[in-house]
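After this come two complexes, each holding chain A, first together with chain B and then together with chain C.
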Partner chain A sequence: MSEILIDVQNVTHHFKLNRKTAICAVDQVSFQIKKGEILGLVGESGAGKSTLARCIMNLYQPTAGRILYKGIDTCDRRQFKEHKKMLQTKRQLIFQDSTSSINQRMKAVDIIAEPLRINHVHTPRGSARAEAEFQLHYVGMDAGCLDKYPPELSGGERQRIAIARALSMEPELLVADEPIASLDVSIQAQIINLFKHLQKEHGFTFLFISHDLAMVEYLCDRVGVMYQGRLVELAPTRDLFSNPQHPYTRTLLSAIPLPDPKRERNRRKGVYDAQKS
Partner chain B sequence: MTEKDFELAGIRTVEEQPLRAKRKWYKEYPVVSMLFLGIMIVECFFCEQIMTVNPTYMDLEHCNVAPGRKFLFGTDTLGRDIFSMIWYGGRVSLLIGFVATAISTAIGVLFGAVSGVASPRADAFLMRAVEIVLSIPNLLMIVLLQAVLGGAGVIGISIVIGITGWMSIAKVVRTEVRQIRNSEYVIASKCMGGSFWHILWRHFLPNFWPSIMFMVVMNVRTAIVAESTLSFMGIGLPLEIVSWGSMLALSQQALMTGSWWMILIPGCFLIVTLMCVTDIGNSLRRDSNQRQSNL
Partner chain C sequence: MKDLLEVRNLSISFDTRRGEIQAVRDVSFNLHSGEILALVGESGCGKSVLCKSIMKLLHGNSRIKSGNIIVDGEDITGYCERDMQKLRGNVFSMIFQDPMTVLNPTITVGKQIGEAVSIQTGLYGKRRASVKVHERVIELMKQVKIDHPEERYFSYPHELSGGMRQRIVMAIALAGNPKILLADEPTTALDVTIQSQILELLKEIQKNNKMSVILVSHDLGAVASVADRVAVMYAGKIVEIGTAEEVYYDPRHPYTWGLLRSLPAFSKGRDELYTIPGMPPTLINPPMGDAFACRNEYALEIDYKEMPPMFRITDTHYAATWLLHEQAPKIVSPVGGMVSDVRNSY
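What follows is the complex of A and B.
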């Protein structure tokens, strides 16, 4: 439990707009995720959460800093190439929008079995189809959906297929980039419960990116708060929600609506000004 | 006061229209064209069973015979039976059509996909190269290549036609790939370790296939036409290899002797085949457009 799986050290990522200007999307972020932990990452839009996730998944090359996965520097070309296969199978990414993250012209079976086919993995359940069926059961869908195309399925089912695809490789690290943002509330709850259940069974390490504070509080062991590319606070969930240290975190928490209308009316919403503090 | 006065403004009774009957299955496909083309392909394939005499046999006693009972479509100036030659030569013409199309499609898809995923500079370079090749008249290029490659057989001419007809497909494929390549499922596939071939086959091809389908089918037509043009001009297949083009090449002599059947019959077969292919291509295009608008 205490073993560190991924170590992010001073990662900075710039997006070049043109020759002169660059936007600093992620600024000097450092944190560690322990094995089997669920780390939540919250922050407003444009805070650099997704960029950080993509840096961790090697989709972007960070401008500066290192990311160590089990001691392997994934930002280093040579080390990445050396462990390419392991890195590609053991780390999986779930995208926000299931409509665009799965190919509309492929059947559910093919989508789920795609990573197996790419990596020529022989599954314990025999054929790729059997494996896909198993994974589909695992995420709570029945085998009837195997031969359906994504447009025939609902948003929640599509997201489940995306999750099943990520799980079919039995990853050690699962990075979910706002997996519930495009779903409606009842489906969100289903998917969150599914994540919680799956994490308990599989024991994978989970980086969960969201801007829904309630979901993060429910799911995560530790929560990191990002603001303008910086990680302003990182604390265990209970500490963060009961005793926020950073003023931005306090402002963020004050934005949560209260279920009681009387208290809601008296709720004071803070405004965070980065220049002031 | 009649009931009419109580009618509220804006409320109109809509006459119920009976739902239009579902389109019959045969209206969705170009049945006639498919049937004709199917018959043509099958008969060319089994030409040995249909041919009445050996198509290459020169029956010098019966030169220039008009269509009749013995020679259904007549004979040419060399005394060969045109009925047998049609099927025998059709085999060659269709073969050239399909092989050349396969070659040009493969090159076009590959070139387009490589250009689509390449960096902007490499992409610009590749596309300018395509435009340079595209600016050379097609026939000129075929003739040049033919001259370079020397004596042509069936496969040789297919290759020549194939490697001169891929440019437009490459351009369309490149545009489509550039649109798809940044979509999340391609990124996800790359993340899982999918190679270029895997992504091309699994993600790119199914997505751009509908848009090049029409061009691919039309390439069959272009290839058949190119072959007959070349043979007609005498730089394609030699006269002893029977194809519809080389049969039409005989028409120069036929015009002088007034034997119409030598021109008309192979010409008719060629035109019917081309029309069928065009019709199928057109309906495919309509179909794919419709399906895209349904999505």
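What follows is the complex of A and C.
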């Protein structure tokens, strides 16, 4: 548990709107993720959670700061090139919208086996198809879905295929960018159970991005709260939920809907305004 | 309370190449004036189809097989498109799930609200209408709590946040002062804080304008704060309907139990979240008995053979499950007393 897998140091990312103005999407964020840990990242939309995830996955080049993965500076071009293969196989990303992140014209088996083909990975189970079947079985689907196309599957099943694709490389770091936001409540619970189970078996490190605090509380070891590009609070899950320090965290907690109409009607919901406090 | 909208034994089917999809099967409910009715269920259970059929916005391959839709004492089931057009906007209007696809990205939001306003007030295409329309647009934008409406008038949809866009869509829907507002998953695309703001706004507008609202959602947790009554739908049928207190504190249908139990609030301190086993049935050839029977751990033998009727629990609370039959074994609800001890911490 003690070894640090990823070390984010003062990462800043700007989006240039035009020559003069830029939006600071991620502002001086620093944190570390230990090996085998599930870190949750919450915040409202536009808080910079996804931008940060993309910086960690090298999809964006941060404007300033360093991201160390096992001591390798992934933002440095030379070091990245040196360890390119390892970095590209051992870190995997799951996107929010499975309809757009999966090729609609490929069969499930091809989608799951594609990373193996691209990276010329030796398949321990004989063929790529056997490998895909194994991964599909692992995420709780049967082999009958192997030859189906994504539009024939439901949202939860598509998301499982995206997870199986990420797992086919046996990653050490899995970054999930709002993987359950577009799913039904009962399917959300299935996917969360799956993540928890997989993490226990594989022991990979997991960065889980969500705006649903109730699910984060259930899944994560530690939680970071982002607001307007800054990481405003980072604490172990239990401490954060029982004793929130930052006013924005308190606002977020007060917005979790309770399945209790009487109490819910009388509850006062705070609105956090950075300018006022 | 008077019934503003009454749906009687409505069945809707889609004709496809694979066969007839029975999206809504024999649904009856009524909407009182000045209340919020939440329609809850998994995706594909027919919530949206039901809403669209009331507005008559369904595609050509759909048809109303049987049943009546009665608005304000008048049967609109057989209305033609021209008659419906008169009702849309000022008797009922609809908010859709994704505000980005509803709004036109190339026109400023003020103009888009203005278009609805001018059609509803009959000012469309008239000379010197623009001042009146502009005033009304600003008034609507204030009503949905948009700051600096004069500046926002000239914004394009992509310049606004998701919550803001949903407010614009609400303003368009409110342009004709509708009596019934159908909100089809208005908060699903939004995050938690914005979701609670939008729902609160919806409640406030409903009170001020004395509207009735049908709120469609898949999340029983989210609608708890605003719903006066809750209807739970499964496989094209309403399986339980009652006031919010009755459905949340004393749910009777196993599917409602499942939906409530799968909320993380009920799994606190447990190792695994509860999930409803299996998948919803396809509606091409729906099963003979209770559609939920194969996923139901409390299923009785009769569930596989015969469709359960609506059993009356109180005057407002009905549920369609054989468990309520007098010969059925008594089963204590697994979520009954749990609501009270969920999360005292917040």
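Following the convention adopted for this analysis, the second predicted complex is superposed on the first by the 277 of 277 C-alpha atoms of A that agree within 3 Å, B and C clash if a C-alpha of one lies under 4 Å from a C-alpha of the other, contacts with A are read in each partner's own complex, and residues count from 1 in each chain.
FYI, a contact is a pair of C-beta atoms (placed from the backbone, for glycine too) under 8 Å apart; a residue touches a chain by one contact, two chains touch by 3 or more.
Given the structure is predicted, the values throughout are model-derived calculations rather than measurements.
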With both structures fitted on chain A, tell me whether chain B or chain C touches more of chain A's residues. C
After lining up the shared chain so the two structures overlap, which partner does A:I102 touch, if you call chain B first and chain C second: first, second, both or neither? first
In the overlaid three-chain picture, which partner chain does A:R238 touch, first (chain B) or second (chain C), both, or neither? neither
According to the stated criteria, A:G46 is in contact with first (chain B), second (chain C), both, or neither; which is it? second
Which of chain B and chain C A:T89 touches, first, second, both or neither: first
So, does A:M57 touch the first partner chain B, the second partner chain C, both, or neither? first
Which partner does A:D184 contact after superposing on A: first (chain B), second (chain C), both, neither? second
Enumerate the contact residues on chain B facing chain A in the complex. 183-185, 187-195, 198, 202-203, 206-207, 295
Residues of chain A touching chain B in their complex? 57-59, 84-85, 88-89, 92-93, 95, 97, 100-106, 110, 114-115, 117-119, 151, 165, 169
Provide the residue numbers of chain C that touch chain A in the complex, in ascending order. 42-44, 161-162, 188, 190-197, 200, 218-222, 224-225, 227, 244-245, 248, 258-260, 262-268, 272-276, 279, 339-340, 342-343, 345-346
Residue ranges of chain A in contact with chain C within the complex: 44-46, 154-155, 182, 184-190, 192-193, 196, 211-215, 217-218, 241-242, 251-262, 264-265, 267, 269, 271
